[in-house]
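Two complexes are shown next, each including chain A; its partner changes from chain B in the first to chain C in the second.
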Partner chain A sequence: MNVIEIDKLTKYYGKARGIIDVSFSVNEGEIYGFIGPNGAGKSTTIRTLLALIYPTRGSARIFDKDIIKDGHNIRKDIGYLPSEVFYYDNMKVIDILKYSASFYENIDKNRINKLAEIMDLDLYRKIDDLSYGNKKKVGIVQGLLHQPRLIILDEPTSGLDPLMQQKFFDLILEENKNGATVLFSSHILSEVQKLCSRVAIIKEGRIISIEDIKALQKNNYKKFKIDMGEAVNDDYFNINGVANLVKNASVYSFLFKGDINQMIDKIHGKKINNLIVEDPSLEEVFMHFYEKEA
Partner chain B sequence: MNILKRELNSNLKSLMIWSGSMIFLIYAGMLKYSGFAKAGTSVNELFNQFPPAVRSMFGLGELDITSILGFYAVFYLYFMVLAGVHAIMLGTVIISKEERDKTADFLFVKPVRRSKIVSSKLLATLLNIIVFNLVTLLASIIFVNMYNTGQPITDKILELMLSLFIIQLIFAAIGAGIGAVINDVKRAASISTAILLSTFIISVAIDLYKKIDFLIYLTPFKYFPAADIIKTSTYSPSFLLLSFILIISFIAITYLFMEKRDINI
Partner chain C sequence: MNIFSQELKMSAASMIYWTASIVLFVLLFMFMYPPISKDVQVIESILSNFPPELRRALGMTTLDLSQVLGFYGFLFIYILLIGSVYAMKSGISVLSEEIRSKTADFLLVKPVPRTRIVSAKILSILSNLIVQNLLFMFISYIIISSYVNGSLDTRTFILINLSLFQVQLFFAAVGLFLSVLIKKIKTVLPVSLGVVFAFFVIQMINQSLNDPKLAYITPFAYFDVSKIIQNVGYDTSFLIINIIIIFILTALTYIIYQKKDIPSL
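Right, the complex of A and B next:
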C-alpha cells in the first residue's frame, strides 16, 4: 500500500514558482528520501501534504485519504518535524509536550520521559532558554510522541551535534522497524544515503529523478581515478558511460556507468602508476545529475 | 478545549493589565468628579469656554458634567475607545499571531480542523471582552456609589455597559476579520489601529459638523450615544441590526479566510 501518493502537485505563490507537477509515492514501511538544494521546493511539497498551504493544481493522498478534505483525520497519524522549530514562549518543555499530547487520543505518557531521555532533553526548562539544538530536540520528541504511522522530517538534523544526530537516526530507524513510514527531506546526501531506500530528487520545483539508493550507488556508477604512467589522448577514457571526466596532470578521474570490463580493457596493456576504483558517494552521483540536468 | 485554555492563558497577563488600568481609570475619574461636584457650576462655565472642537473631542457636548450621570456619560466615551482598542487588537492578534510567532507549524499540523482553531480563538476573545466589560461594570458601580451623593445610577451604568459590550463585539469581530484576511500580523495590527482611529475621528467630526452625520453608520462609537441611553433607556433597533450584521459578517469573513488561505511562516 502507498502511504503517500502525490499526483502532479503544483503550487505557485502568486506568480512565483513553488513546485510544478510533483508526483511520487511512498510505500508503507519505507524510509523515503527527498533531496534537493535549498529553495528547490522540498518544504513547499511537505507543507502542502500537511495542508498548511493549498495546491494550485494536482492532488495528494495520505493513507488513501485526500490531504485537503480529510486533513484533520490524516494528521492524527502524522508526526511532523519542521526545519525550524518555534514554540510558545513562557512555557516549559513539559508543558508544550503535554499541550501537544492533548491533541491526540490514547497517548502513552511514559513516552515523553522515554523520548526525552534518549534525546537527553531537560523537561523542566523554559522554551525561551533553550538553544537551537535543544529546541530541535523538543520538536523531535513532540513529533514522535503520538507514535505516528507517518513521520515527516524537513531538514531534521540541522542544529544537532553528530552524537545527537546518531541517536536521532537510531530513533527514526526504531520507529520505522515498528511500522512507521518516513519521508525524509534533506539537502545533505550522506544522511539520506544512510537511512533511505529510495529517493526523489527535486530541482527548481520539479522532480527530476526517482532512484533506488542501492541501485544508484552500487550497481550503476563506479568512481575511477587512474594515474597514467604513459601519455594517452585526453579523450582516451571518454567512452560511452563516462561522466565528469577530469584530467589533472597525469591523473584521470571520472564516473563510469556500464560494464566494468569495458574500462578494464581500456586500461589493459597501458602502463599505470596507480588505480583507484570505488563506489561514488551519492553527493558525486547527484552532482553529476545536477550538472547533466542543468 | 485545549486551544481555548492555551489562549486564555496566553492572554491572561494582558487582560489583567487592562482590567487594572480600567479600575484605576474609573477610580481616578470618580475622584476628579468629586472635585467637579464641589466646584459646582463654575466647572460647566469653564468648559463652555472651550472651543466646540475641543469640547466634542473630550466628549463633552451638551452634557452637564457636574451631575454624576453627565460626568459618567462623558467618561463612557473613553471606555468605548479603550474597550475598542482592546477588542480590535485582541481579535487581530489572536488570529494572526501563530504565523508571527511561527507556532503555526505546531498548531495547524495538529489533527483539528482550522474552523475549530478559529472557534476556540473567537471564544477566548469573547471571554476576554466579557471580563473586560464586567470589570468596567463592577468598578463603575463601586466607585460611582462611593462619590455619588444624589440618585443611584446603577441601572444606567448597566445599560451603558450593555452598549459597550455590543461595541466590543463589533471591534473584536472586525479585528478577527482583519487578522484572517491580512496574513502579516504587523500590517494587520496597523490596519486595525487605523480603523479604530478613523472611526473615532469620524465620531468627533460628526459632533462638529452636523452636515456629515450620514457618516454615523461608519463609526460604532455613534451607534448608541450615551446621552440617548441615559435619556430614553433604549437602543436604536436599526443600529442594533447593523451591529448584528457587522458582527456576523466579520466572523464569517474570519472563518472563510482562515479556511482557505495558506499558512505561511
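Right, the complex of A and C next:
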C-alpha cells in the first residue's frame, strides 16, 4: 500500500514557480528520501501535503485520503518536524508538549518523558531560553509523541550536534521498525544515504529522477584514483562511462560506470604509483547527476 | 477547547491591563466632576466662544455636564475609543499570531480543521470582551454611584455601557477581517490605532457637519452616547446595521482563512 501518493502536484506563488508536476509515491514502512538544493521545492511539496498551502493543480493522497478534503483526519497520524521550529513565547517545554498532546487521542503520557530523556531535553525550561538545537529537540519530541504512522522530516538535523543527530536517526529508525513510514527531505546526501531506501531528486520544482539508493550507489559507479608512474595522455582515461575526470599532477580521479575489466585493461602494463578504487559517496554520484542534467 | 483555553492563557494579561486602564481613566476624570458640575455655567460660557462646529465635534453641545451621567457620557466617548483599540488589536492579532510568531507549522499541522481554529480564537476574543465589559461595568457603577445623591439611572447607565461591547464587536470583526486579508502583518498596534482613529475622526466630522450619511460608516455614530441618554435606548436601524456588518466580516474571515496559503518561515 502507498502511504503517500502524489499526482502532478503543482504550486505557483502568484507567478513564481513553487513546484511543477511533482509525482511520486511512498510505500508503507519505507524511509523515503527527498533531496535537492535549497529552493528546489522540497518544502513547498511538504507544506502542500500538510495543507499549509493549497496546490494550484494536481492532487495528493495520504493514507488513501485526499490531502485537502480529509486534511485534518490525515494529520492525526502525521508527525511533522519543520526545518526551523518556533513556539509561543512564555511557555515551558512541558506546557508546549502537553498542548501539542491535547490535539491527539490516546496519548501515552509516559512517552513525553521517554522521548525527552532520549533527546536529553529539560522539560521545565522556558522555550525562550532554549538554544536553537534545544528548540529542535522540542520539535522532535513534539513530532513523535503521538506515535504517528507517517513522519515527515524537513531538513531535520540542522542545529543538532553529531551525537544528537545519531540519537535522532536511531529514534527514527526505531519508529520505522515499529511500522512508521518516513518522508525525509534533506540537501545533505550522506544523511539520506544512511537512512533511506529510495530517493526522489527534485530540481527547480520538478522531480528529475527517482532512484533506488543502493542501486545508485553500488551497482553503477566506481570511484577511481590513479597515481600514474609514467606520463599518459590527458585523455587516456576518458573512455565511454567515465565522468568527472580530473587530473592533478600525476593523479587522475574519476567516476566510472561500466565493465570494470575495461578499466583494468587500461591500467595493465602501465607503471602506477598508487591505485584506489572505491564506492563513491552519494554526494559524488549526485553532483555528477546534477551536472549532467544542468 | 484546548485552542480556546490556550488563547485565553495568552491573552488574559493584556485584557486585564486594558480593563485596568479604562477603569483608571474613569476614576481619574470623575475627580473633575464635582468642581465642573458646580461651575458648569462658567465652563459653558467659555465653550460658547468656541465655533459651534468644534463644539459639536467634541460632543460638547448635547451632553449636560452638570449631570453625572452627562459627564460620564462625555468620558465614555474616550472609553469607547480606548476599548475599540483593544478590540481591534485582539481581532488583528488572534489569527495572525501563528504567522507573526511563525508557529503556523505547529498549530496548523494539528488534526483540526481551520474553521475550528477560527471558531476557538473568535470565542476567546468574545470571552475576553465579555469579561472586560462585566468587570468595567461593575467597577464604574461603584465609582459613578459614589458621585450621585439619591439613585443612579441604572437603565441609562447600562445602555451606555453596553454600547462599548457592541462597538468593540465591530472593531474585533474589522480586525479579524484585516488580519486574514493582509498577507503578513508585522505590527498590530499601529494598524489598530490607525483604523480606530480613522473611524473616530469620521464621527467627529459627522457630528460637526450634521451629515446623516456619514453616520452610516462609523460605529461611533451608531452608538452616539448623547442620543442614548436622550432617548434611553438605541437607534434600531443602526443596531441592525452593526450586527449585519459584524456578521459579514466574520463570515468573510472564515472563508478567507480557510483558503489562505500560510507563508513559510
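Note that in this section the second predicted complex is superposed on the first by the 294 of 294 C-alpha atoms of A that agree within 3 Å, B and C clash if a C-alpha of one lies under 4 Å from a C-alpha of the other, contacts with A are read in each partner's own complex, and residues count from 1 in each chain.
In this text, a contact is a pair of C-beta atoms (placed from the backbone, for glycine too) under 8 Å apart; a residue touches a chain by one contact, two chains touch by 3 or more.
Remember, it's a predicted structure, so these values are computed and weren't measured experimentally.
Trainee: Determine, for the superposed arrangement built on chain A, whether chain B and chain C clash or fit.
Mentor: Here the two partners, once superposed via chain A, clash with each other.
Trainee: Taking the superposition as given, does A:63 touch the first partner, chain B, the second, chain C, both, or neither?
Mentor: A:63 contacts neither chain B nor chain C.
Trainee: For A:24 in the superposed arrangement: first (chain B), second (chain C), both or neither?
Mentor: Neither partner.
Trainee: Could you tell me if A:88 is touching chain B, chain C, both of them or neither one (first, second, both, neither)?
Mentor: both
Trainee: For A:52, decide between first (touching chain B), second (touching chain C), both and neither.
Mentor: both
Trainee: Examine A:43 and indicate which partner it touches, taking first as chain B and second as chain C; both and neither are also allowed.
Mentor: After superposition on chain A, A:43 lies in contact with chain C alone.
Trainee: Indicate the residue numbers of chain A shared between its chain B interface and its chain C interface, in ascending order.
Mentor: 13, 47, 50-54, 71-76, 78, 80, 82, 84, 86-90, 99-100, 102-104, 142
Trainee: Any idea which chain A residues touch chain B in the complex?
Mentor: Listed in rising order, the residues of chain A that touch chain B are 13, 47, 50-54, 71-76, 78, 80, 82, 84, 86-90, 99-100, 102-104, 142.
Trainee: Show which residues of chain B lie in contact with chain A when the two form their complex.
Mentor: Those in contact with chain A are residues 2, 6, 10, 101-106, 108-113, 260, 262-265.
Trainee: Over in the complex, which chain C residues touch chain A? Could you list them?
Mentor: 2, 6, 10, 101-106, 108-113, 259, 261-262, 264-265
Trainee: In their shared complex, at which residues does chain A touch chain C?
Mentor: So the residues of chain A in touch with chain C come to 13, 43-44, 47, 50-54, 71-76, 78, 80, 82-90, 99-100, 102-104, 142.
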